[in-house]
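Each chain gets a letter, A, B, C, D and E, in the order it is written, and its residues are counted from 1.
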Amino acid sequence: MSEPIAIQAPQPSSTGSSRIGTAGFAIGIAIVALVAAAAVVGNALVPQDPFIQDLGNRLKPPFWMEGSQAGHLLGTDQLGRDYLARLVYGARISLLIGIMTVITSGLIGITLGVLGGFFGGRVDDFVLFAITTRLSIPVVLVALAVVGLMGSGLGLVVATLGLLLWDRFAVVARATTMQVRNHDYVSAAWCAGASMPHILIREILPNIASHLAVVATLEMALAILLEAALSFLGLGVPPPLPSWGLMIAEGKDYMFFSPWVIMIPGVALAVLVLGINLVGDGLRNLLGAERLR
Amino acid sequence: MLRLIARRLAIGVLVALTVMTLAFLLTRLSGDLAVSIAGPSATQADVEIVRKAYGLDRPLYVQFFAWTGRAMVGDFGQSYFFKDSVANLIQKRLPITVTLGLVGLSLALVISIPLGILAALRENTWVDRGVTLFTMVGQAVPSFWLALILMIVLGLQLGILPISGTGTWQHFVMPGIVLAFTAIPALTRLTRSGMIEAMASDYIRTARAKGLSRARIVFKHALRNAAIPVVSIAAVQLGFMLGGSIVIETVFALHGVGYLGWESIAKNDFPVVQAVVLVLAVFYIGLTLLADILNALLDPRLRTG
Amino acid sequence: QKSVDTLRIVMRDALPNIDPYFNNLRTGVVMHHQGWDALVYRNPDTFKLEPLLATEWKLPDPTTIEFTLRPGVKFHDGSPFTADDVVYTINLVADPTSRVSTPSNYNWIDKAEKTGDLSLRVTLKRPNPAALEYFALVLPIYPKAYREKVGAEGYAKAPIGAGPYKMTKVEPGVSIDFERFEDYWAGSPKGKPAIKKMSVRFVPDASTEMTELLAGRADWIWNMNPDQIEPVNRMPHLQAVRKESMRIGFLSLDAGGRTGADNPLTKLKVRQAIWHAIDRKAIAEKLVTGGSRVPSAPCFPTQFGCDAEAAVAYDYDPAKAKKLLAEAGYPDGFDVELASYVLPQWGSAVQNYLHAVGVRAKLNQLQTAALIQRAKAGELRMYLGSWGSYSINDVSAVLPNYFDGGADDYARDPDVQKWLLQGGSSINPEARKEAYSAAIKKITEQAYWAPLHTYVTTYGHSKQLDFTPYPDELPRFYLAKWK
Amino acid sequence: MSALLEVEELQVSFGGRTAAVRGASFWVEKGETHCLVGESGCGKSVTALAVMSLLARGGQRSAKHMSFAGTDLTSLSDREMARLRGNRMAMIFQEPMTSLNPAFTIGSQMAEVLTRHKGGSRVAALDRAAELMGRVGITAPGMRLGQFPHQLSGGLRQRVMIAMALMCDPELLIADEPTTALDVTVQAQILRLLANLKREFGLSILLITHDLGIVARIANHVSVMYAGEVVERATTAELFRAPQHPYTRGLLSCVPVPGRVQRDRPLGSIPGVVPAIGPGFAGCAFRSRCAHADETCEHKIPRRQAGDAHDYLCRLEPDWAELQPA
Amino acid sequence: MTAAIEVENLRCEFRVHTGLMSAEKRVVAVDDVTFSVPAGSVLGIVGESGCGKSTLARLILGLLKPTAGTVLVDGKRLFDLDRKARARLIQPVFQDPFASLNPRRRIKDIVALPLAAQGTFSRGEIERRVGGILERVGLSAAMGERMPAQLSGGQRQRAAIARALVLEPRIVICDEPTSALDVSVQAQILNLLADLRRDLGLTYLFISHNLAVVEHVASEVAVMYLGRFVERNETDALFRKPRHPYTQALLESVLTPEPGKGVPDIGLGDIMPDPANIPPGCRFNPRCRIAVERCRHEAPTRMVRPPQGMVECHLA
């Protein structure tokens, strides 16, 4: 038997892990909040315009290096545009891509996964087939092809990633739904005469939501990285929009002699993704979804 | 058993067919293929010539069936850009990508399994935290960026590794490391959680109650069980690596299928794009099947009823 | 690498097919000049045409050329070079169904006929004053017997020519290995190569290519970002050089009103204001650098017919520009889109100068192909581009492209069209000169199409290498040697 | 006292927060079956694991005195303890389904106990395993040795566990609810087997259960646990004849006895649930559910003697039920 | 008098994959089960783990479609009714009080679900009824505001019972309602169920593997073995005089708290029943002490002796 000795709220498995977990979680939230703040109000605070070029002031190093210039905290890029302003503007693009992709892919994946997991049989066969097919499609290549064929643009990148990255949502939603479906409370709701939408939305969804939240953070991080990779290859966000991946791509010609042009956006990208992953990890610990990959 | 494998194969073929259809439709996204092939300086007459020459004047379904039919027997047509048969091209370039994938996977396994075990055994200590942080950072670092940094540090400043190309085994080290980095976080975490789960399991308690030595408990009893998912995921991971090596191949000038795909996209070389998508998909399907079989071999619960 | 007598070349534009007629890349032209010989040689210093595989040629009438071929020349496989090979090559590429990659280079040829073992006659569809330039630059000769034996595909994999280097290994799109052809005919103006082996590798990424050079794993690269010249020169083992090329940067203005009949650029004074507004000299000397010049006529100065005297000069004079604008009815300037595919910093420089006089240009950086498409569709009021004339030293390789009334013509001037037609269909140099001068005068007077600066090709190579660049953007490795 | 296993004032806590065992004392004589009974979560398993030094990470134990055959268990190193485990003291667990390693054959899992502690060849160890499997009533042991755990039913697995525990002829067998997960018919078989083994091998058994039926049938001595304490100790006969602690009495009245059920009358029951015991808790842990509790129960409770080997933890005098009927 | 539940020749099969390398198996979980439960009585079902008790319960609840056979609830064919109507007739109480309450909803809402699903009750009415039933099962109104995780197992099971009864159904299917609970709590729940039945005139199908518990609540008991009812009788009669050797073994293996009696030898051998591999003849024969040759080949027929008794054994 496994009844707890007393009535108490479920607690994390051991004290140590929860402390680390919460510290990471807090750091993650701080990072994401900071980037979000930068995305929303950053360009109002940074006096420079991310698009204005100043050929006289090209490739000025950031403030901690010799030869830096007062007005440009993080220096300037190869066209003399203020790097801080571009970085801050890039945050907006990254977050926008991350969030929109998660929304699109989440809608597709969760719908498919929940339906397949709940109804089983033919429906599930179809969902499984869709997942397998999706998994066997090489994402980067197809995303590149779509963007390459239809012309680059922010909206198209979001749509493409959203349509491609739903697999993990579907897999997790399906697996957890299958577990939850076998719980007696679902049977009980069925026996109580509850309608199908009620069962799916009120009984199943809330109980798989924690797992899905973790997936959402993973997918968001992945989408941001993928956009950066596409932009790096020149088929993502079109210039002069300062996507971080594009900033690295544009800066790599200068990386030998002005290394900060790739260091700054690279670190920013890594820190944001790290922050999102930390949030995901924290969620996983908090919600006890450790078994998820 | 044979029936099940046959069933899986049938599903695999079905998936491949679907991917084929999607790949075909994908390349029609741009609208009029003939206009793209003819290039920007072509006249309307040129476009018409191209349309005829490439058979693009036939109804879509005819083109589709013609292509599928030939693709089934390994004939993917002629590359517009390379003026060579696509099958030839892929055959020449696949070994590079596969080598890269295998190097990446081996590196990933060699690094992630010990790390995962270490973290699991020292759960919640600074070692574990360090490993977790490492995997998280590894997950967060964009691979193209890591590639550039490695190139500068290992190739340029230290000068210990060749920078690009495929001449020797050393050429595969840097791309292998970058590629491994894409798989290490997942594999490490999987090993770690598998080990933690195994170490907390009833049968490990039994093993301890039997008075076995710690090494035997960890490396025989726990690892064997923790390794089962890792090993089977590894095959699938390889599939992802093959599909995800485009950026790495581009940066390191490895002329593998990933780069071929990217080049073909840039050059509107549709027969190659279609074929590369299809080949990567088939690879992935084959590897998942392999993963299932591996899994069954490793896990006695799946091997016998 | 001097130690193993191998020149390691890294280039970005991968060559999918080394067969000279089945790729349309500059890399391809560069390669076939190492491995193949053409009938005619153009001296890179003087731009004079000299004998190569043909010892002499005659032009009995405007549409006929008769060649006499050099005896005793061998292809790489040892087979002798004869008129059959030349006839085969010319007839093959002139055939519109042969699917060569740049048909416009050959569509003026009608056919070639053998007139002897070492002589032939080529008939043209129409007179082409630059015909011999084409023979020199883009008409390498195939070995007939070998190519017919192995077929087009086989030939692309193991090509054979009669040039100073032979191809030892070809991996399409990946690498090409060359080795000195020991039986290369003596006395060729190309000379016998000093370096024994040459390996060409294609690395798509510019920064990877640069790393290879910096790490000493490549001996020669080109077309690097000009911003890197100075730091590369600071490296002890490297050298970066620049050579002005025939390519010129230009600003196209919609004088013909293709984007709208009432647009400001249709007004002469506005166009003149723009010519006056841009400090072209500063752009050439401060931004492009490396010896870049401002061409006064809309063509490269050495080109035949590029008559600088005939051109009207516009000095940098913002005040005058403002005045002209006011006179044209735009005292407050106007807004306009400025599309560009040239280096962004150049584009924004032009943008800045225009802003200074009140022309509020919005810079729109586009991919080359995308811009060209829009330009041909007549959608661009103002754009920045570049033109390399296929390295052909004759204005007929540049002016007709932008003033013949075709898709790229934003001037739509019937006079200019007429003069260009005259210059293009005559083979009398004087008559041609006259026609072109008239055209140049009208073009500059009307300020249709502003040449901004000449281009400068950048090369980076090992200090051990003695390499001379030439203005025709054709690196000649057979002339290079180790120091 | 010359008991085989002596445990005095055992305390176990997890991360300083939960006091799982709060001063439990009991002893197991040579050759007897001692039962530890109590409600779920009262600390039975933790006690057994503490004795075997098998507590999960984060569990801390301390004891005034804890010895096995004269050896002080609290001062043994991990290595020395490991040498004892599986060799002289063995343990079997509640969940036969998960207690065997799914990745190895029965044979290899059994053989390694013997080779680890006694050395010898694998073949000899397998022979011994086969022999013991026969002894615990497994037919065709040769075949079973080559099988994997998932191919065996729960009852068989529990028998394998028992056989494995016996590989080195231990002196003490600790069995933590060995039959809870099994069907009644199988339970009877396993218990019978344990009883027989005790007789044949002179084995001492510490049996943990929450089923008073089992206690009654096979125990010599019983310790009743409640919320981390041993609240009553007695010989089996004595306990069932004259239970003293109100909790023991309540427990006995809850159990429906087949054939003796009065269907129209409600079953006896103990109201409430086991309380959460934090650090610093004093007094009787049962007082919140006890009909006889008064304010003195909040203070330290005396341990009272009710006979030779019968004591209990309560303010009430022995035979209080007769003195003041509930 | 119409029976509350009438089951005829009910059969349920599952197809299961056990692994990639092994073929699909067919598990017969419920095999030709026929019985009826008169209104107001309690049928107890006992049997070993995996013998098909829960499957039978799910079939009767309409959670599973039978492979063959019919289920009549209150004289109506279950599958002819819509789920709202079914809900008013028959409700379940499940084994695991942790899994049977949605952890993300308040107790009040969980209990109110059957009412809300009917769609015919006003808010006030729902509130009133939920308050009433919570009180009836011994939970305070404050408990209604809590989440399931904040309740003990016994309290949760009370909440589950409240949910089952809030629509005032005629029949309640209890699938091992106390086997996850401790003895002391088990007694509380059993008493509650008995009270409710008496007060509300309910019919129970009561599943358990604990014979003593079944004896306490059931008026009639059926013994299940490998998907079949092997014996059925009035509770007293069955416990007094079991006729099937399996029933006998079951009864013998119950350990009453009587010191000194020792553990009985029931002699069933170590062959375990496997629903995927049912032996020919009498399905109990491999474990049967008294099996004869005939038992190995010939399945025994159902012998019904009035008034209620039924047994499937050649030798009974």
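What we mean here is this: a residue touches a chain if its C-beta (ideal position, glycine included) is under 8 Å from a C-beta of that chain, and two chains touch if they have at least 3 such contacts.
Predicted model, so just to flag it, every value in this text is computed and none were measured.
From subunit C, how many touching-chain steps at minimum until you land on subunit D?
Each step joins two touching chains, and the minimum needed here is 2.
Let me check something: if the centre of a chain is the mean of its CA atoms, which chain is farthest from subunit C?
D
Determine which of the two chain pairs, B-D or A-C, is joined by the larger number of C-beta pairs in contact.
B-D
Based only on mean CA positions, could you tell me how far subunit A sits from subunit D in angstrom?
Here the centre of subunit D sits 51 Å away from the centre of subunit A.
Return the distance between the CA-based centres of subunit D and subunit E, expressed in whole Å.
That gives a centre separation of 31 Å.
Quick one: report the Å distance separating subunit A from subunit B, using the average Cα coordinate of each chain.
Distance between chain centres, rounded to whole Å: 21 Å.
Return the residues of subunit D touching two or more other chains; collapse runs of consecutive numbers into ranges.
As it turns out, subunit D has residues touching two or more other chains at 40, 57, 210, 273.
Multi-chain contacts only, two chains or more: what residues does subunit C have there?
Within subunit C, the residues that touch at least two other chains are 205, 207, 211, 214.
Among the residues of subunit B, which are close enough to touch at least two other chains?
If we look for residues of subunit B contacting two or more partner chains, we find 123, 148, 152, 156, 250, 301, 304.
Residue numbers of subunit A touching subunit E in their complex, please.
Touch list, subunit A to subunit E: 1, 3, 6-7, 9-10, 183-185, 187-195, 198, 202-203, 206-207.
Name, in rising order, each residue of subunit B that touches subunit D in their complex.
Residue list for subunit B touching subunit D: 123, 200-203, 205-214, 216, 220-221, 224-225, 228, 298-301, 304.
Can you name the residues of subunit C that touch subunit B in the complex?
14, 16-17, 19, 22, 99, 152-153, 156, 171-175, 201-205, 207-208, 211-212, 214-217, 369, 372-373, 376
Inside the complex, what are the residues of subunit C that reach subunit A?
The contact residues of subunit C facing subunit A are 205-207, 210-211, 214, 225, 227-228, 231, 287, 344-345, 348-349, 352, 365.
Which of the residues in subunit A come into contact with subunit B in the complex?
Those residues of subunit A that touch subunit B are 14, 16-17, 20, 24, 129, 132-133, 135-142, 144-146, 148-150, 221, 225, 228-229, 232-233, 235, 245, 248, 252, 255-256, 259, 262, 266, 269-274, 277-278, 281, 290-291, 293.
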